[in-house]
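The block underneath contains the structure these notes are about, expressed in structure tokens.
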Amino acid sequence: MTPRMFVFQLLGVLGLIVVLGLNIIIMDWWERKLIGHIHVRPGPMHTGFHGILQPFADMVKMLAKEDVVPTEADKLFFWAGPMIAVVPAFLAMVVLPLAPGFVLADIGHGLFFVFAMQTIMPFGFTLIGWAAHNKWSLVGGLRSAAQLISYEIPMLISALAVVMVAGSARLTDIVDAQATVWYVFKLPVAFALFLVTAVAEMNRTPFDMTEAESELVAGIHTEYAGMKFGLVMMAEYTAMLVGSWMIVLLFLGGWNLWPLPPSPLWVVLKVYLLQSFIVWLRGTYPRLRMDRIMELSWKYLIPAALANLLAVGVLVIVFKGF
Amino acid sequence: MIADHPRVGHVTTGGTTESIVLNMGPQHPSMHGVMHMQLELSGETVLAARPVIGYLHRGIEKLAEHRTYAQCMVLVDRLDYISQYSNEWAYCRAVEKLAAIEVAERAEWLRTLYAELVRITSHLLWWTSVGLDLGAFTPMIYAMLPRERIFDFFEATTGSRLMPNYLRFGGVKEDVEQAELDGIHDYLAVDYMKLLDDYDTLLSGNEIFISRQEGLARITTEQAVSWGVTGPMLRATGCPRDLRKDARYGVYDQLDWETQTDTRGDALARYTVRVKEMRESARIAMQCIERMPAGEVRTKVAKILKPPEGEVYVRHESTRGELGIYIVSDGTAKPYRFRVHSPAFMNVSALPHMLPGEHIANFFAIFGGADNVMAEIDR
Amino acid sequence: MPDSVPGGAYVVFFLLAAGAVGFSLAMLFSRNFVHSAAYLAAALLAFAGLNALLGATFLAMLQVFIYAGAVTVVVVFVVMMTRVGVADWRALLQPQSKLAAAVVVVFGIGLLNALAGFVPALASPKAPVTTRTIAELLLKEYAAPFEISSLILLAALIGAIYLAKEARQ
Amino acid sequence: MFGEGLVKGLGVTGKRMIGRGVCDMYPYKRRVLPPKSRIFLSMRATPDGMPKCQSCLTCQQTCPDHVIRIERDPEDRKRALSFTVDSGRCTFCGMCEEACPYDALVFTQDFERATFEKGTLTYRLIDAGIATESCVTASAEEQPVHASAEGGRDAG
Amino acid sequence: MDTYFTDLSALVLAGLGGLLFVSALYGAVRLLAPSRPYALKNQTYECGHDPLGQPWVPYRIQYYAFAIIFLIFDIETAFFYPVALAWRRLGPAALVEIAVFAGILLVGLLYAWKRGVLKWD
Amino acid sequence: MGLTDSAERPGFILSTVDALLRWGRSHSMWICNAGSACCSLEMLAAGGPRYDMDRFGTMVRASPRQSDILVIPGPITKKMAPVFTRVYNQMAEPRWVIAMGSCAITGGAFRESYSMTKGADTVLPVDVFVPGCPVRPEALIYALLLLRKKIQTTTTVGESHREPVYLPPVLPPEWTAEVDAFLGEGEVCAE
Amino acid sequence: MIPASWFLALGAIVFLIALFGFLTRRSLIQSLMCLELMLSSVNLTFVTFGRTVGDPAASGVTFALFAMVVGAAEIGVGLALVLVFFREGHANVTSDDLDILKG
């Protein structure tokens, strides 16, 4: 741990915060724009060029919006809940590489670390929902917690198939192993499972149980005003970024775009394409019912993921070069 | 006397330790207006539901007693603000029956046309809310497209997008230009049908949507009849009850159309019936335009109408079911008593029977399927 | 580690140690069980950090994954299914808590005494401890405990489900 | 096949995502509203500022919401001293326009009437016997329509 | 220790950075936002009504089943993870072992399924 | 207390912040979803493809906590008045109210009725009145732009907060008296 | 290099805190939480010992792994028991006078 290292890391963390902020700004605008176009309307238009300043305006407004704390709310977690939701998502970003070597902490268990961070999120959501002392929030929080914990397992198991084939959980290694053939082609089943579960982990339509606007007013953040609401949104957008980034790294070849030379640009491109796809899903589908969501995970996805894992295991043993 | 303050009592079933009593509405994104539902939940299962209405009670029935018959049209428009022409027509029919007024031939066709167009817009609005209740908000925006087109037609011909005040005793306010009619005919024939096909693919064919609607809150015809449920909700149980055919008004008997039914009786059936009706209504409207005779649109009626003493009740197939208008006249220029039998009210009162035992997420699918308009329930 | 700043590791250690002790105490003295669960999660996270500091990254992650993630969620669920907290601080305590305190003090003195005489240094592992070795250990040397642990888990699962089902009726 | 509907649904939204929007871009471009649409109650006036109202009070009696208040000139029963409209109460039903035997009332399509002050919603069409700027000036080619000449317009 | 430690310090730094960032936002809100709490405003929102009863009541016990199955399967995947990492080195015997391991736990899932606790209602 | 709360004479920084805040607030006006009657259909249409409020950054939020503007799209009946006041009170400051349609302005077509309040301004502090019945979507957008102008020109420095609005838990006696009068005499169209 | 004894001492302190809590807390839930904490501190001790002997076989970690399994199984069943007690009306899973929900 040299001082240079320390400064480097400090800068890296600052950079990540910028990425976090930039991502939410870009995605907020892009999502509204995209949904707008799906709805045959222009979306944000008159705040800056094609509404590009819209997220900034929202941000400024949220900063200057009163922070209502309900009398009966649990003061501590009403305040700390959004934090608990944001920080793990942010931490997960630390191990995600943009290019070989271009990563803050290229730890050997990068993949597992992301999942470990993701397990904290349901806890955060439960606390957010519980602290508000509001029935909608409570139901929303418990729902989202139940959903997140249910989808974590098939997600990890299908990711383990990748680990099995790549023989490493270091994300850079996994990407490098896809220099020619992306795992999406090698492991299509795992990819499909991972995609579905990742969308569920991001709490996006058709799995958007945290918000479930028509059912639970605004879900877990019913009581959260101003910046706290912004923070919850930030956590969700960051989770979306982390999730799509993971998919890109694990299955879509990361910075590889054969036959073009590898470049961090491809990662960014793929990540945002994927996020656009998720927004597109949101613009198309209704929401699944809660019990169907749970059933889907426990009755279909987990057995399927296990079967897939075993099948991949057999393949790896039988065909050494798989 | 306003006996009850909004802070109403609790749901009656005794709460266990696990149950939460939840106020749904009146300010709730998908309560379709200012409905208030008190739900008792155990976990996420509805144990008991109690609709609380009256948040939009504007006293229309009482106000009508202080207005002349012609002036009441304004109130009738706002009774069920989603299918205004149906209300106006029902009211006109009642008054015409009471005062024995002839209706001009062309006006009957125009009335039929408008009633069917408004049925389309109403069903489209319901379609938006069905999507919205299930978390898909694109249908909401898409349904706006044909709605806007039809509203354009309404505005160009009657002067208002929503509150037309167009029907008059003995006819309609003024004639419609042929160009406008042709325009809407072309739209219905081509673009509208295409849009509907697309929308069908978007929602009706969606497996998620089907899985959320199928088998939900299944009711039988007997149940529906005993709860007084009418309209598409009744037809979805397989009962071909349609006052347009049964009560014989307008020019429906001269047109080629069918009552849309579905035998399943569940939420999906209610959905299907309404979607089919959207197409059927367009067919009726197109036929109206094609076969509309020329002529006067209004017969001579006294400026201040004073119907003879007596009472009248007409039944009318509004978008939501059987709309009844009851008027008692005492021979003066103002109705002595004006009463509305609201289809939405009957449909909503069936909800407490249908809801218990359902998952809270299903609550909205069922609730939306009833297609209620609070303005009509509360009056 | 010639060019390393020794301070860094110490800072991290003290941060984490303070976190571990502080949050455990907070957990203990919180009257609201949801708070307790959250403090527990925080303390366990600190332990994860300590494990990582010792080089046991895999275990550290497991600590986050299983303890801070899964166990606390389960605890929070249960708290929400029962009662959230107690009104009075004294209601937290067992009647015979004085006795317990005495036991703990005696035990603690003994433990710390034993530790005081035992000051080993951290040795670097002779061969790098990779997670792969753990896997090999699990499947070869500890194969029996491995399968048995699955049986334990199964038993716990069935038992818990049975009990939860019982509790519902 | 399961999932077919899901894919097709994506197609429906995807098609529109790429296609053109239908937005009016309201404050920048304005849709021409149909002349019949009832948005702002106004009155026809001759170019020299004389309102066409003959102060017959029909509209005041017809209006279901008591929106119109007319002050008659005590000397000249055919002249209104003031004609006040409370657009905050108007339901834009068009009954007054329909009933006016002199075809004095007319609806314009000026909808930008939002205001900070409730009071400003009450405006005068005739003030001191003279048409205010809220009135529309009848163009030269528009023939004055007299009730006795036409007759049929208010046959209800 | 060193490589571990650089990674760990990055994570600790990031954690602190994240917390600081969020606190900074909170600070900005304190600085910029108006604040006027009063009783009615701070009352729990319930669709424009007086809140009825307490939200913090004991919740449905049967959801506990999900939590416990999750916990068990979480541990299972935690065991799978090193195995998957070392898979290429382990060979067919491992396959059997892991299949048995997963099989035993699947029995548990099956049990839960049959007991009907995998229903969210 | 907030930075912009107390300052008497804004310096450079403060005025910059003030300008920024005004810009932010005026460009991100979120509407509270509180549909009540016919006018809410036009509010829906204003969010629709043809009019699209979202162009101006106006979203419809379900929870009053996150919204800035309470649009009252329809009649406020006496039963509904406490609900609206509560929703208004539970909105986070700064907040504004738009009375949409004749009903919300004066009671409109139902003004004489026993069950109506005589306009939103009798229960809430209304900022913008939009006449119409129903209000055209364009007119609503116009009102929003008008309100935006107001927000832009109102300094946030030394912000004068709105007083809380309370509605008595029991109905005011004059309301009930009016009901009695209506039902008793049968003629209240005094005007 | 941080001395191993620091880790051991830390583990011991937390263990004692948790033990104290376990013995004195009336609420079963809190006792179980304390138990988790105890297990965690023991795990730390395992790992530290593993490091002090330079254990190449990583037995310390593996052992900790099995400890986790046992801990998880125990808390799963324990909490299920809490639920049963609670349902059977033994509100004194925590205490008798726990009617107030918020602390």
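Labels for the chains are A, B, C, D, E, F and G, by order of writing; each one numbers its residues from 1.
The definition used in the following text is that a residue touches a chain if its C-beta (ideal position, glycine included) is under 8 Å from a C-beta of that chain, and two chains touch if they have at least 3 such contacts.
None of the values given here were measured: they were computed from a predicted structure.
*Asks:* Quickly list, by label, the chains bordering both chain B and chain D.
*Replies:* A, F
*Asks:* Going by the stated contact rule, which chains contact chain D and chain F alike?
*Replies:* The common neighbours are A, B.
*Asks:* Considering only C-beta pairs in contact, identify the chain pair with the most of them.
*Replies:* Chains C-G share more contact pairs than any other pair.
*Asks:* Averaging only over C-alpha atoms, locate the centres of chain C and chain F and give their separation in whole Å.
*Replies:* Distance between chain centres, rounded to whole Å: 53 Å.
*Asks:* As a quick test, compute the distance in whole Å between the mean CA positions of chain E and chain F.
*Replies:* 41
*Asks:* Could you please state the distance in Å, as a whole number, between where the Cα atoms of chain B are centred and where those of chain G are centred?
*Replies:* 62
*Asks:* How far is the middle of chain E from the middle of chain G, if each middle is the mean of its Cα atoms, in Å?
*Replies:* Going by mean C-alpha positions, chain E sits 19 Å from chain G.
*Asks:* Which chain E residues touch at least two other chains?
*Replies:* If we look for residues of chain E contacting two or more partner chains, we find 1-2, 5, 7, 9, 11, 30, 32-36, 41, 43, 45-49, 51, 55-64, 67-72, 74-75, 78-79, 81, 85, 98, 112, 120-121.
*Asks:* Please set out, as single numbers or ranges, the residues of chain G touching at least two other chains.
*Replies:* Counting only residues that touch two or more other chains, chain G contributes 1, 65, 68-69, 72-73, 75-76, 79-80, 83, 86-87, 101-102.
*Asks:* Could you check chain D for residues that touch two or more other chains and list them?
*Replies:* 6, 9, 12-13, 16, 21-23, 25, 64-65, 91-93
*Asks:* Which bits of chain D are touching chain F when the two form their complex?
*Replies:* Residue list for chain D touching chain F: 21-27, 30-31, 39, 64-66, 86-93, 111-118, 121.
*Asks:* Which chain F residues qualify as touching chain B in the complex?
*Replies:* Its residues touching chain B are 32-38, 40-42, 44-45, 47-50, 62, 64, 74-75, 77-80, 82-84, 87, 109-110, 112-116, 133-134, 136, 169-171, 175-176, 179-180, 182-183, 186-189.
*Asks:* For the complex, which residues does chain C have touching chain G?
*Replies:* 6, 9-10, 13, 17, 20-21, 24-25, 27-28, 30-33, 35-37, 40, 43-44, 47, 50-51, 53-56, 58-59, 62-63, 66-67, 70-71, 74-75, 78-79, 81-88, 91-94, 97, 100-101, 103-104, 107-108, 111-112, 115, 118-127, 129, 133-134, 137-138, 141-142, 145, 149, 152-153, 155-157, 159-164, 166-168
*Asks:* In the complex formed with chain B, which residues of chain A make contact?
*Replies:* Chain A reaches chain B through residues 38-41, 135, 139, 143, 205-206, 208, 212-215, 217, 283-292.
*Asks:* Tell me, which parts of chain F touch chain D in their complex?
*Replies:* 49-52, 55, 102, 105-109, 111, 119, 121, 126-133, 136, 138-139, 141-143, 145-146, 150, 189, 191
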